[in-house]
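The same chain A turns up in both complexes below, where it pairs with chain B and then with chain C.
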Partner chain A sequence: MSMIFAYISFTLYILGILFSFKREASYLLSFLGSIFVFVTGIIGTFYPFTLGEIELLPKIYMSMDVNHLSGIFMTIAATSWIAISIYSVDYGKFYSKDMGLWLNLSMIGMLTIMMAKDGLTFITGWEVMTVSSYLLILKSKGSFKEAFEFLAFGELSTVALIIAFASIFLKNGNFSLVQNSGTALFLIATTFAFAVKMGIFPFHTWLIGAHVKAPSNVSALLSAPLTLMGVYGIFMALSVMPNLYLYNFEWWGILAVGFGAVSAFWGALQALAAKQLKTLPAYSTIENNGMILSAIGISVIAIGDPNLQILSAFATLTAIILTISHTFSKSLLFLSIGHAKEALNEENIDDLRGSWSAVGKIPALGIILSGLSFSAFPPLIGFVGEWMLLETFFQSYKLVNVGEKIVTTFSGIFVALAIGMAAFSMVKLTGYTALGFDHGKKSKNMPNMAMKIAEIFLITFVVAPGIFAPFVVKYLGYGIFTSGLFGVPKPFLIISSIPVFGVLSPTFFTIVFSILFIFPLFFYLSRRKKVRKIDPWNGGLSLKENEYFSAPAYSAILEIVLKKIYITKEKISDYEAHIEVVDVVNLFYKGLKSWILKIEKIISQILMNGNLNVYIIYILIAFTVIFFILR
Partner chain B sequence: MKWWPIRGLSRFLTEKRDYKSDTSVKPMKKIFRRSLHVYTIDVGNSNLLNFEIKELQSPQYNTHRFGIYFADSPRHADLLIILGNPTEKMVEPLMNTVKQMPEPFGILIVEENEIVEENEKNSLQLPNVVGKLKNPEPEEILGALLKIMKGN
Partner chain C sequence: MKILIGVFQKDGIEHYIVQENGVISLEVDPKNMYFENYTFIKLRDPIISSYESVRNGEGVFDFRYGPVTSGVGEAGIYHLYTYGERILSVDVDLSYKSRKLDQMISGRDPKEALKFVESICGNFAFSHSVAFSRAVENSLGINIDPVTESLRIVGIELERIYNHLYVISQLALAASQKVLSSHLSYLFEESLRLNKIFSNSRYLKNFNRIGEIKIPDGEKLQTLKEGILKIIDDFKKLYDHALASGNFIDRLYSTAVLKMSDALKIGITGPTLRATGVKEDLRYGNWMYEDLQISTKNDGDALSRMEVRAEEIFESSKIILQKIQILQKIQNFKTTPESMEKRSNGLGYCESPSGTIVYVIETKDSKISDLYISTPSFFGFKGVANAMIGNVFTDFQFAIESFGINFADAAL
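This part shows the complex of A and B:
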């Protein structure tokens, strides 16, 4: 019965592909399809079911199912898809008609990934997702280089996945992901593939370019649901590994914690110095995915010890809550920024000031709330996630091995720094784009009803799960971590361990906070005298637009202090000096690229030198070799 | 403890002179009775008035003993002293400066001579003008300031 919903959602997406000649119809169909995915996810979370099975060869078949884990991830992804689909009804008008086609197709791909029960289906979905996302990035002009980089890294992870599934086939004789037991090679290869997709530290460069260049709805799709597939993949790969606690997989956990923490730190550090509008959220994606990976890492380390099963479960819960927080907030951030960016036609954080008054209150509220969520402002969902992550790191003193202790401690430092710097960068983003002075800018006249609906929809999903976080924890199946203490009634308190280690009640925090602070604030605001607003004192002269305190100036102090990390350089052009920073990893890839081009040139000069005799010898040798091999 | 100030006060060594001003000024609020922070802006005079204002800070007049201080920014000032008649280019800076003054504030106009017609001056419509001085000596300016402070 429940599989009908899944089939309906597939049908609706396919109809959306067929109706792509009419923009609105295509996006509305994908919206309806996403609603059905949402329902399917909720059903699958509690009542797992299987879908049809196609046998291609004996023992090799393609099949799908929905279980507790994929149900949760489907619900999370579908929320983002619903908002992106509604948003695209208005936003898609700026782009060509086939955008609806690729949007629907990429959603089908992701849905296939989450429902996949075997490797073949998984890779099919992965490829569909990668290729259609590549074509989506290409929709904005001048994005060929970035789109190709995205495709190259996507195919890199596909290759890793093929290796992983080949290893599973060698061991078990089929591709199933349910009964089979994985190998160490499977775990390494899948982790590599999914880390590339999540944008973990040395593989994050594709993400920045693609997110910046893509249309805003595609940026949201890339940042939230697409990297979510990486997170889901890691969960899937770990579920395939049988009895993690029997074998020693601590090394995997330590690596995950280390890379996750470094990635979180690096993402936050680069987000600080970002000057373009969408670079900052893109680096924030890297930071969040790093935090998710480190939480998963601690969960895997702790699962090896029978005494630490509760810590392991809590770390898993942390990863899921962080995933929820990241997906909702980042979709909201990209959609609101895209709205403001399109309305004012600006590219930099510094130029897009004051969208509260220039564009509208709803997109500005979207930017503010998502920014607050990322900077861990209570009681939003991001706050709950980051509190849980820090609690997880605090509890790492329980680990037995000294090496694990050292790694988790230093990773905890990096993660805490990352959280602090994320707040700094989000103040930069929201303070200028949403709340800054607008300099009398006028927004472009464009239809924005659907955009506003999408933003309001996501705002509720950022605020409500934060306030009612204990119920989300219960919904995810971790009821043991909710309790009642200190006069807080039963399910309203999240506890981080049993016996109690740390407690948090976002619901009661909201109540107390509003009584202690919000109501007096409103009382004050309603009674305060008329305020006179004037420009800063500039010796009697009125300020020019470039004399205001700018966004680059806000972060310049850190860029100069951390000169060695950012490789800060001062550049002077037209008697105006500005600071430029570089991502070191980009330099590495640049070097790699130039080396490959050099080697390619040398080889091509040796092999294809225009000498006919050499060609004939080459053909002869190749023929002989093939002849002897296929004899 | 340094006892020179006490000795000075007891012997009435400080000058006991009345600074009187003939011009009529509007008194400001009572809160300025003991301290008045002044910002001067030169909007176009022959430098004469600048010298006169500068004299006020010299030991001869030493306005600090009355609690009259010269501020560096109109945001710190209670009284704006406008020196001269505004030239065309100085009208906008003058209006910007007036905008910067915190409430309550006063404006004292000090003019050099009577070349400019009244109409042109009135067109600026400066708020809270407490008085007008024409070609004053430092003594007269100080007298006016003290009159403003005293609140009649």
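This part shows the complex of A and C:
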């Protein structure tokens, strides 16, 4: 019975593809498909089921199922898909009709990944997702370079996945993804593949260009559900490994914590200096995925110690909450920014000022709430996730191994810095784009009802799971981390350990805060008509347009102070000046590319020089080598 | 090295006011002389801009500081163009303080005009008064006796001491050297009280007169001597401590650098010019200053300017004590001015605490018929605007305070 919902989802997405010539119908079908995925995910979370299998060759099957883990991830992804689909009803009008085709196809790809029970199905879904996403990025003009970079990194992941699944096949004689089927090589290769997809440092460069260039609904898809597939992949890979409790995989945990923390730090640092509208949220994705990976890392380190099972479970829960927070908040952020960007036809943070008054309260509220969520503002879901992450790091003192303690301590410092810097960058983004002075700008006339509905939908999912976080924790199957203490009834309190280490009740925070807020609000409303509103004092004169503090200036001090990290260049000519910062990893890839092109040129001159004799010798050598390999 | 500090027209002929080797001269119709600051002086635009004019670019905006803002003591505006922290270009708007003083003073009796002159800029009141008096005396053919000149020198040096103390205390405050700043503020207040005892005015107003000066009695001279000794003794201890403070010195070192070539090009005089290594001081050309030691530094930064001012405090105290010693030996002061040949115009100047003040006046029927004033702050703001380029916002206060200039002195 449960499997019917899954089949309906696939059917609706396929119909969405077939009806892509009719834009609205295509997006509405993807919306309906996503609703069914959402329901399927909820059912699968509690009642796992199988969808059946197809035998391709003896012992080689393609099969699908929905279990507790994939059910959770399907529900998370479907929430984002629902919003993206509704949003695209309006937003898709700015792009060609085939956008609906690739959007539905990419959702099919991601759904296949989450339901895959074997390597072949997984890799099929992975390729469908990668290629359709590549084609979606291409919907924007002048995005070929960025789309190709996305594809190149995507295929790099695929190569790593092929190696991983080949190692499973060598061990088990089939591609089944069941517990104990994994090998060390499988874990290394899949981790690499999924880290690339998550945009973990130093494999994050594809993510920036692609997010910036892609249409905003696609940016939301790339940043939230697509990188979510990387997170799911990591969980999946760990779930098929031999029992982590019995075998020693601490090395993996240490690497994950280290890379995750550095990635979080690097993403937050680069987000600070971002000037383009979508560059900042793109780097924020790197930061968030870094935090998720570091939480998973601590979970894996702790699971090897019988005394730290609670910490391991809490770290896993942290990773899932952070995943939920990132997916919902980032989808909202990209969609809201895309709305304002399209309405005002602007590209930079500094130019998109005052969307609250110029574009509308709903997209502005979307930017503000998602920004606040990433700034860990209580009681939003981002606050709950980041509190849990810090609690996880605080408890790393319980680890026995000195090396693990050192790595987690320094990683904790990096993560804490990242959280602080993220708040700084989000204040910059929301402060200017949503709340800044609009300078009399007017948004263009465009249909936006569906966009607003999508934004309201996601606002609900950023606010409600935060306020009712203890129930989310219970829903995810971690009821042991809810309790009642200090007058807070059970289960409204989240506890970070047993016995209690740290506690948080976003629900009661909301209640207390609301009560405290009601009286000043009532007082203000009752006297509102008597309140005289005046401009702030600005030296006795009204501010002219060129006297407003600019967004690049907001972060310039850090760019100047940290010039060795940002490789800051202050470019000052006779009449124009600006600050340039670079992501040093880009320089590395630039150098690598140049080096490869040089080698390519040398090889082409030797082998592909138009000389027939050389070609024949090359063919003969190649044939001989292949003959000896395959004999 | 000739420095152009004024340009005016008389009877259709251009006149340059030029300073060289401690002497001010008027160059009539100087067709063979070229000065880079000619246009700047000729136009006297109330908006003074830095030579660099970078106002565009990603994130570049005008950080307007003023006209009524905490941190800007007078009505004036600093337009700091920046992309964040780094100051790219500066405009200083003097227009809010413009009072059309030449029109207000013209047609008035010199004694009446002297009150206006003393009110141009409170903390340079005595320097303005002396420079104006000298111009009037020059025009009316009044020759000043040595006692009056000695007392004027005492007044000028007292003004220099309290101004320099104030500048250094403000620099200490900008560097959050609260203890040093508080002590220096105390010395500043003490010096003002000493002025009051000596001249009946905290800012030495109504002390100087055309052709004469109020004569203090022996007791006042003795009080002044004792007061100066105490202030200098206290200042020396504080200054030694200040120079030993790495935090303080670091904030001033290489901040708001004005090179010698730029200072000369602009027309800068006073301690700011001497801090770039140029030994130029109007006192140098006055025979009444015996054994004058002119202090110079070479870096042209806020630290050099502070060092020059600090050393000038010691030198000023030495001059005051010398003059008191001479005056105390004279039993009966004779201050009757001698008459000389009258002229229709007069030139008067003075080395104020922040540089050269020049008055060129025209008299007709014993009244001021025309007037040209050159003040150090006008050039100082051009210097500030250029010295701030490349510095960051937090250097702003050091730049402004180290120049020791005023909108009231610049915008006439």
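We take it that the second predicted complex is superposed on the first by the 587 of 631 C-alpha atoms of A that agree within 3 Å, B and C clash if a C-alpha of one lies under 4 Å from a C-alpha of the other, contacts with A are read in each partner's own complex, and residues count from 1 in each chain.
What we mean here is this: a contact is a pair of C-beta atoms (placed from the backbone, for glycine too) under 8 Å apart; a residue touches a chain by one contact, two chains touch by 3 or more.
Keep in mind that what you see is a predicted model, and the values were worked out from it rather than measured.
> Just checking: does A:Leu541 make contact with chain B only, chain C only, both, or neither of them? Give me first, second, both or neither.
both
> Please indicate which partner A:Phe627 is in contact with in the superposed arrangement: first for chain B, second for chain C, both, or neither.
neither
> Given the touch rule stated above, what does A:Tyr397 touch, chain B (first), chain C (second), both, or neither?
Touch partners of A:Tyr397: none, neither chain B nor chain C.
> If we overlay the two complexes on their shared chain A, which of chain B and chain C does A:Phe486 touch? Say first, second, both or neither.
It touches nothing on chain B or chain C.
> On the superposed three-chain arrangement, identify whether chain B or chain C touches more chain A residues.
C
> Under the stated touch criterion, which partner chain does A:Asp350 make contact with: chain B (first), chain C (second), both, or neither?
A:Asp350: touches chain C, not chain B.
> For A:Tyr524, decide between first (touching chain B), second (touching chain C), both and neither.
Once the two structures are laid over each other on A, A:Tyr524 reaches no partner at all.
> If you lay the two complexes on top of each other, which residues of chain A touch chain B in one and chain C in the other?
On chain A, the residues that contact chain B in one structure and chain C in the other are 538-541.
> Taking the touch rule as given, give the residues of chain A at its contact with chain B in the complex, in rising order.
Answer in residue numbers: 532, 534-535, 537-542.
> Could you pull out which chain A residues touch chain C in their complex?
Residues in contact with chain C: 275, 348, 350, 538-541, 543-544, 546-557, 559-560, 570, 572-579.
> Note which residues of chain B are touching chain A in the complex, please.
Counting only chain B, the residues touching chain A are 41, 73-75, 92-94, 96-97, 99-100, 103.
> So in the complex, which bits of chain C are touching chain A?
53-69, 77, 82-86, 88, 392
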